Amino acid sequence: MLRLGMVGGGQGAYIGNIHRLASRLDGQWQLVAGAFDVDPERGRAFAISQGLDPARSYGTYQDLIAGETAREDRVDAVAICTPNFTHYPIAKALIEAGFDVICEKPLTATLEDAVALEKLARESGRFVGVTYTYSGYPMVHEARVRVARGELGPIRTVQVEYPLEWMATAIEQAGNAQAAWRTDPKKNGRGGSIGDIGTHAYHLAGFVTGLKLESLTADLATFVGGRALDDNAHVMMRYQGGARGLLWSSQIAIGNSNGVRLRVFGENGSLQWFQEQPNELVFTPLDGRVQIIKRGADDLSEDAKLRIRTPPGHPEGYLEAFANLYAGFAEAIRARQEGREPSLLGQNLPLAYDGLKGVAFVEAVVDSHEAEGQPWLTPMAV
Amino acid sequence: MLRLGMVGGGQGAYIGNIHRLASRLDGQWQLVAGAFDVDPERGRAFAISQGLDPARSYGTYQDLIAGETAREDRVDAVAICTPNFTHYPIAKALIEAGFDVICEKPLTATLEDAVALEKLARESGRFVGVTYTYSGYPMVHEARVRVARGELGPIRTVQVEYPLEWMATAIEQAGNAQAAWRTDPKKNGRGGSIGDIGTHAYHLAGFVTGLKLESLTADLATFVGGRALDDNAHVMMRYQGGARGLLWSSQIAIGNSNGVRLRVFGENGSLQWFQEQPNELVFTPLDGRVQIIKRGADDLSEDAKLRIRTPPGHPEGYLEAFANLYAGFAEAIRARQEGREPSLLGQNLPLAYDGLKGVAFVEAVVDSHEAEGQPWLTPMAV
Amino acid sequence: MLRLGMVGGGQGAYIGNIHRLASRLDGQWQLVAGAFDVDPERGRAFAISQGLDPARSYGTYQDLIAGETAREDRVDAVAICTPNFTHYPIAKALIEAGFDVICEKPLTATLEDAVALEKLARESGRFVGVTYTYSGYPMVHEARVRVARGELGPIRTVQVEYPLEWMATAIEQAGNAQAAWRTDPKKNGRGGSIGDIGTHAYHLAGFVTGLKLESLTADLATFVGGRALDDNAHVMMRYQGGARGLLWSSQIAIGNSNGVRLRVFGENGSLQWFQEQPNELVFTPLDGRVQIIKRGADDLSEDAKLRIRTPPGHPEGYLEAFANLYAGFAEAIRARQEGREPSLLGQNLPLAYDGLKGVAFVEAVVDSHEAEGQPWLTPMAV
Amino acid sequence: MLRLGMVGGGQGAYIGNIHRLASRLDGQWQLVAGAFDVDPERGRAFAISQGLDPARSYGTYQDLIAGETAREDRVDAVAICTPNFTHYPIAKALIEAGFDVICEKPLTATLEDAVALEKLARESGRFVGVTYTYSGYPMVHEARVRVARGELGPIRTVQVEYPLEWMATAIEQAGNAQAAWRTDPKKNGRGGSIGDIGTHAYHLAGFVTGLKLESLTADLATFVGGRALDDNAHVMMRYQGGARGLLWSSQIAIGNSNGVRLRVFGENGSLQWFQEQPNELVFTPLDGRVQIIKRGADDLSEDAKLRIRTPPGHPEGYLEAFANLYAGFAEAIRARQEGREPSLLGQNLPLAYDGLKGVAFVEAVVDSHEAEGQPWLTPMAV
């Protein structure tokens, strides 16, 4: 097993718990160290509750780096589960200290930080994975493989959306901590819904189609009173080569729990995937019938099969997708440790450059919205 | 029964047959006259096949006007089922001769004609109905009533789409007459998918929400080689009062037969309607559960109930929706004949001004797309 | 057009209205005469409201027979829309007077009557159609053709159900006339849910599979207090040749509006059809993918295509299915009048023998339930 | 963490892997010992691959008992993942040696063994959990709570089914080991589909409704040539108090991956749950609207909330359900170790008596089918 450390993600943290569940599922990772909490006492109690050696519960990420660096059995990688604006300094320090990093998205809160971090990751040779969760789903890999194989022909248009309902009212003013930092430009960055979830949609579309963005134009809106960032975003996209895209992200779309939906239309067929029914991929060939491709079917690609634990009809979900990222990160890190190429499981993972693309996308969306004359802009990394 | 005449819509015509089926269903209309075909012989044979008096099969619409004007039992209204660019002269002649008109959408092929026709309709006092079919569905009326009642609160964003697959290849070059005129700018007007089906989506969104457009910006694409008009359109919309909208129309969206879908999100709830399952309306109140409102349920509005023929679970569909337009037109015409206010059935119908709005929308979409700098434009009628 | 008469089905009658809508849709039938109501005045007022010549509004079915027999332009067929127990005497009189008959299901209220009526129909040569509505749906014909072609291989098991919710409480005691006669053994016959709707399910299964019943065993229940007939029925079936079946009918299944569902499993594939989404047929070949066959698809059978009016994605429903029965009856009657074989449209229609089979099925179900020792029984006609 | 041992479930075993994944997810169990394989070498290699101390890889379950009994850090419980007919001797030996047991279903291959094992479990006071997976789903608990609270009123009828497709051909003759033992009466017991999956359906229906069976009558069929046990079963059920039930299990239902579906109808409402979309519960109150209750909704019962890891819209699936059983077993075992009552998580678990009920159900089904005269039989434990 690989040894995992964690910064942030202590008692009550949503995403930290997801990282722990996901890392544990396949028996590839063991959480052994952490700086879980700004309050060291609480962090220590939490570490103990997780069965950790209290000696490896650290007060700060700097302490964690120091402490782990001193150990023979130091952690193989550290997961960063802190608010967006702290990703950069923590990741930078970890990389410079020689640790591999698993970073929550967005990679950073500013484009400047993202550029610097991506450069650092590239030049240092450290592994930096970014948890774009939806690219962990096996049927998303299946979709990617089918597009890459040309089953759809050249792609014409991509419709991608990520509607949520939980911020339809001003819950950030009513004590919801998750909503509070997401609506604070200092902690979250310039994008509201577009940064929080639009980036997931954007990554998913690019991951499946392999298309690179040429330019975009966007219209942001803030519907909930007192909110400083957008809670609804519309983006028209033009991809290199002529394909078009339409992206909608929303935090106020009542009735939608976590409605990530991707539809890809090519010359010869289409694919549709909906995250709330993730075990199916809907495929329609030109002049053919709508077909349901089931997770676990015999004719799936190896890429998908590697990311499946149960037979068709035995649903896998969000945690399994997240676990697939952790399994992939493990394989990629091991391969590097062992000086070999990673297997398929360790390929097609969201890395630092994907993180940079996401931050650059948000920057371009906000710039387009704010500029006079609704310009088509090209993100600085695509 | 009211007496119906028809121009166009003869042997093999798709939409003419729909008009006949729809007008017949409720026993309110009897087709008694027509100028069905540019070939008078074929038109006459068709008239006979429909059980008409051959004396009322006319060679041209001018003959029809002359012949019917001379009769005591002249037709009450004439349905225009000809290609777009002929709507204006035919409708103008009919109105000027004192006939009520039922016109296929779009109202006309050019904005100039639409403005003139709407003015003529208004000033003449003749009835001019436009067959925006989707506003005939009872659950669309139900949605309209619920929004009007404030059940959703102020509207925030509207997602509307109309994807089709049948023109995903160049069938207009392979002898498909329906596709041929739709892709010919002279016969169809400036909008391809946006004119053919985007206008339906635009009308539907406005019909349900009552919102008026403030401005739009659009991106058109033509994916099928040799096609002169757009076959995929993305439109970002801003409504008066601050609501936003996103509209997608496509003729190349493989897997979609007739995928009209409307989602409306307000402060207090949302509604979703999908034309391929038209007997359901999905309603989610804020902080509540997703609910299925069934056509035929006891607590529907009178507006919806008036447009329903069968109990819940006994599906009604496209023809019944179309028949609801014809039933509404009949009521509106009778009310005018009888000098009274129409009942609910004769209200909330698509009329000449709605037709004008559709043409103005297409004009603005194409203008926005073609202009430098992707401007936000306001249609001349909203 | 063929001339239609009607017995029963006057003001406020549910099924009479359905017959009128369905007969009108395709312009094949004109309702010209009727004995609509036990109250002749009301019947006459109703006839006038329907645009009939008042001279052809009759006080009784006997009067209708006498009056129409005397006319040159006598009706071609008479639809019987009266309560079950009157079907037999009315049909008998009509047939003996030389009229063709369209009879609501069940054919009769007793097996004795059904046997006699079927014999009379057969020997007289009159046309007797029975409105098993669900066999009018085009995708049900498509299913039938695919089974007959062997696409599923030999059938193994059939799951068919017809759950309803509207009689979940004692509405027959609260003034609901539709429920009142359905729960009265004298008017309805021995079967409650099994007679009212179970027969539809049974017919549908036999229609699609072509299988004949070998034997059945049944368990009936009456859940609503004070009700004399079953409101929930479970039936295990064995078909000739070894296939098995399971049938559930219920009038108390809250949440189900009109949930007719058929699933057929063969050696090489399966088919599934759900009446509330009737435009789709779900087909799964052995070792293949679930596929959606859409009404209107190019590769449908001629049998289905003949029964379709609109393209894929433009939903047709219950009335269109009912209209398909009327169109088929028209073709069968015309073919007989013209001394020729009917086209496909006039074939595979529910006739008197199908009506007899339904009544025999109910008889066997009730007998099996009431007998000691839960015997497997064979209906007298299969 | 609790220490887990395992008998069976080695390299290539399907269900053993599921147990490991499920036990690992929540960090409550650590697999530390096993007799994984009839081939000790292979078992030892497998143990090492799982990171176990090779000293705790045993050749037989007897060795495991001996070895673990001798250790201070002996396992807290042992999971039995061997073929059905070995469950009894292994469980008996473990219980008699003082170990808690987690047993795959069915509890045993014969009723005699089941009776003996349940008695032993009861009298010994050892914990014996049985992995009826579907009762691990949070929305199944939600359904149970809602029925228990009376939200549906008295239950009237239950429709439960478990169709599968994977044994639609004679794969047991083509080398499929999973199918081979399932179709071998000696290894599997008397029930084919009814024992393998019908028991799941039966348990699920009883778990949710709390109803106890009064009697049943059944019809079994074997469609695949050369198969000794049923591969399709129809069962009519009468519950104590008057409710009825219908159960269908099938291994030959092409198109169904793992189609466990439960529908419960009461006087005041209904609930529907489908395992392939397990995050939703469909609830319809009398005279109300169909509602979607989402996993994670704020108004769920504590029973459900305790079994949920992610918010609504972030799907959980089969492994999470299985993990809920393991979490519940852990809580129950800890509570007993600590001499306290278990929390809600350790309640409503499938235990030895549930296992006995399942075996008794299969016995009665097969007896009813085989007997003359299709008797209604009462299982010896309900």
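Going by the order they are written in, the chains are A, B, C and D; count residues from 1 in each one.
The rule is short, and it goes like this: a residue touches a chain if its C-beta (ideal position, glycine included) is under 8 Å from a C-beta of that chain, and two chains touch if they have at least 3 such contacts.
By chain, with names taken from UniProt: A, B, C, D = Oxidoreductase.
Small disclaimer: the values here were computed from a predicted structure and weren't measured.
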More contacting C-beta pairs: A-C or B-C? B-C
Remotest chain, chain B (Oxidoreductase) as reference, centres from CA atoms: D
So what's the Cα centroid distance for chain C (Oxidoreductase) and chain D (Oxidoreductase), whole Å? 43
Inter-centroid spacing, chain C (Oxidoreductase) versus chain B (Oxidoreductase) (mean Cα positions, whole Å): 35
Measuring from the mean C-alpha position of chain A (Oxidoreductase) to the mean C-alpha position of chain C (Oxidoreductase), what distance in angstrom results? 55
Chain B (Oxidoreductase): positions in contact with at least two other chains: 290, 294
Chain A (Oxidoreductase)-facing residues of chain B (Oxidoreductase), complex: 156-157, 159, 161, 165, 168-169, 217, 219, 221, 223, 232, 234, 236, 238, 242, 244, 246, 248, 250, 252-255, 263, 265-270, 272, 282, 284-286, 290, 373-376
Chain A (Oxidoreductase) contacts chain C (Oxidoreductase) in the complex at 287, 289-294, 297-298
Per the contact definition, I'd like the list of chain A (Oxidoreductase) residues that touch chain D (Oxidoreductase) in the complex. 1, 14, 17-18, 20-21, 24-27, 50-51, 164, 166, 256-259, 275-279, 294, 296, 309-320
